[in-house]
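Think of it as A, B and C in the order they're written, each chain with its own count starting at 1.
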Amino acid sequence: MALKSSNLLKQLFRPHHLLKYGQTPIERFASGIPIVFHRKASSSDKLVDVAVDDKTGIATVTLQRPPVNSLNLELLEQFISALQAVEDNKSSGMILTSASPTVFSAGLDIMEMYKPKPDRVKKFWTTLQDMWLKLYSSPYPTVAAINGHSPAGGCLLALSCEYRIMVGPKYSIGLNETQLGIVAPRWFQDSMKNVIPIRQAELALTTGRMFSTEEALKIGLVDALAKDKADALSQAANFLLQMKKIPRVARGLTKQACRQDAIGWLEKNRDLDLQIFLTFVNQPAVQKGLELYLESLKKKQ
Amino acid sequence: MALKSSNLLKQLFRPHHLLKYGQTPIERFASGIPIVFHRKASSSDKLVDVAVDDKTGIATVTLQRPPVNSLNLELLEQFISALQAVEDNKSSGMILTSASPTVFSAGLDIMEMYKPKPDRVKKFWTTLQDMWLKLYSSPYPTVAAINGHSPAGGCLLALSCEYRIMVGPKYSIGLNETQLGIVAPRWFQDSMKNVIPIRQAELALTTGRMFSTEEALKIGLVDALAKDKADALSQAANFLLQMKKIPRVARGLTKQACRQDAIGWLEKNRDLDLQIFLTFVNQPAVQKGLELYLESLKKKQ
Amino acid sequence: MALKSSNLLKQLFRPHHLLKYGQTPIERFASGIPIVFHRKASSSDKLVDVAVDDKTGIATVTLQRPPVNSLNLELLEQFISALQAVEDNKSSGMILTSASPTVFSAGLDIMEMYKPKPDRVKKFWTTLQDMWLKLYSSPYPTVAAINGHSPAGGCLLALSCEYRIMVGPKYSIGLNETQLGIVAPRWFQDSMKNVIPIRQAELALTTGRMFSTEEALKIGLVDALAKDKADALSQAANFLLQMKKIPRVARGLTKQACRQDAIGWLEKNRDLDLQIFLTFVNQPAVQKGLELYLESLKKKQ
């Protein structure tokens, strides 16, 4: 058990709550990364596009929920379906990318957390868990073509793939949850610790550090840089074509074994993880922070 | 538990089995690393030589099963006995090396896996487990003088020592099991993750990458290069003489504590690990692959 | 369970005990790092000083037990109280440093281990466990300004902080327990493995390596070098001021989650860990080594 929920609750309800530093965490976040208020998606919107190249058999999965691919329930559900579809057909691997010109994914949709309805927010979090378990443990080869900013949940998506190519030099990537006054769950942290050195992971996670593309390459958070999206997609395809040469069953089982400790933790602690999230999101201080942020966005519009 | 055997079985029996890429995995492997068909060793053969230097007290353990030190039951049994002997006498440490001019060890003997008799193959795998548990957890100082190619089980032997010196620049080393269509067991993977960064281990394991000596040095898979076997043995002796200065009991217990998580996993999961191997080796697709490979070798002869 | 105590006992009582190398481990140690015999502290001595900067809110905690800040029961108790005090007040983080001009801390006080009284030595070890659990898991930001040699328990203190700045180039740091014929407990080892690569940790721990400041920086054992104590304190304050910008609760919970595996191990195995220590310290060979060392010190005086 990574966190004792009783300790967590005690700490969360201490008087020095999230808003003590003059600026709300989310306002601070907003000054760095573009997050904007947007309409609620209807369930009929196509938020994820799948295109399979007939020649190479490579499937390109594109997140297309304007403006910044915030991860809401519907996007997560459609992404899970897309993953299942590419696994089921004959394609040789998946490239994950974004339809936005500047953002890969801005992370979890804060509208899923503001004044949450109990059933919806519970479904949202368990679907996020489902998505990660599926993506992280998929025997299918996966690569992220990161063509824009990739904070928090966006970084998690990239970390869960097997290889990361990032368009440089303008964008940034990282698990910046602490900057927002929130805590990256254990499985977010494990996803990072399986990519960069554990010492660097602790520093990055506690400070909520966003890395420039050059910094991300140097520390190993991404594997290669690209000059633009086309270059990123081309490098991603090359990676998958290399993977295609490896016997498929053995490759998939080996990948799962490599990632088993992280996967096993969430499988065993899904309910604990959900309770921690629900406790957190229902705090008055957290709700107040979200409200102030949303009001500030309305004024801008 | 690293792998759920039920999931494993489901995946292994899917139609996209090991032989889907036109060439059998073992044929592909054979084109890179010399593996040749050879006579069955009788139990009276001396497959492991032990020589103790009277002056330094250093024991040199030489694998000598022509042509490529394939690890069969008898070699494993003799190696375990040799390890016990050098631990029991007054020697100051063990150098593990090969009598072959070009191969350290080619890994597991495929004849132990082709048309396996139930008792023999079970004994083979449990003896492999015994060997690793003994070598990996030995309080005795160990160093590998890698004087030739070292794929798969050969790489495991080297990784299980405390220090690795490799003769360059012609040879290669790695856990290349996926290239053969097989899966490196959890304890093979742990042995690698305790030596190179976890991110590099995942990439190397999923692709079955063989490293050149220079690459192996750069990534940390080996600690030093040597220009020939004599140089490797000399550097190995220097390492052991440094270790001799450290109080013996404390050194041994500290080494065991460092490696305890990997050791503990296999100790707790020996039977699961055996069942996974037996399930795998008894599949028709695996047996067919081995048969085709052995026939191709006979034709060459 | 990291070590089976039955195996441990068997090994410890083998004839090749700690003193086999001509020189006692502690004599060998003494030739490198200054450890001197000193008076027993009374419980009224102030062994730990706490000073809070009114402007920055930073608390500087100074170990001041002459001559070398050996960690005895009273020092550990006072340090725990100091940690609690700085957590409870409004301070923005802790700098841990030493009043000695040449030694950060020489590690555990050997007088706690020589002819130990059962109640005292048991209390000593459980207090050491308490100290580490509190320091390592504190949600409070911590940084070590290492202004002198830092062997064994001194290195543990530094490793338990979140950031390490070391005054160079004269001093050395490391978990050198094997050099003394003793074994760094599992939680000492985990503290190192969370800072430097696991491969380097095994080599350093088995050989009891002391690193120069330059070596420590290169391997990541410390994060930055300083030219003197004032420079170290200034850099430490800068680190804490950066941490002050991060929302406090989220930062603290994230730090705890990062360190949870190591913390969880000791929480679950406190009694096993205590029994291993008590078994070790009560051995005749260990007591004899301590006696010879103390006699040699008396002669010098």
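Just so we're on the same page, a contact is a pair of C-beta atoms (placed from the backbone, for glycine too) under 8 Å apart; a residue touches a chain by one contact, two chains touch by 3 or more.
Quick caveat: nothing in here was measured; it's all calculated off a predicted structure.
Common neighbours of chain A and chain B, by the contact definition above: C. Judged by shared residue numbers over all numbers used at their interface, chain B and chain C contact each other through mostly different positions, with under half in common.
A rotation of 120 degrees, rounded to the nearest 5, superposes the Cα atoms of chain A on chain C. The distance from the centre of chain B to the centre of chain C, each centre being the mean of the chain's C-alpha atoms, comes to 38 Å. For chain C, residues touching at least two other chains, in rising order: 197. Chain C meets chain B in the complex at residues 1-3, 8, 11-12, 14, 16-18, 20-21, 25, 177-184, 186, 189, 197-199, 201-202, 205-208.
Those residues of chain B whose C-beta lies close enough to touch chain C in the complex are 139, 162, 193-197, 220, 242-243, 245-260, 264.
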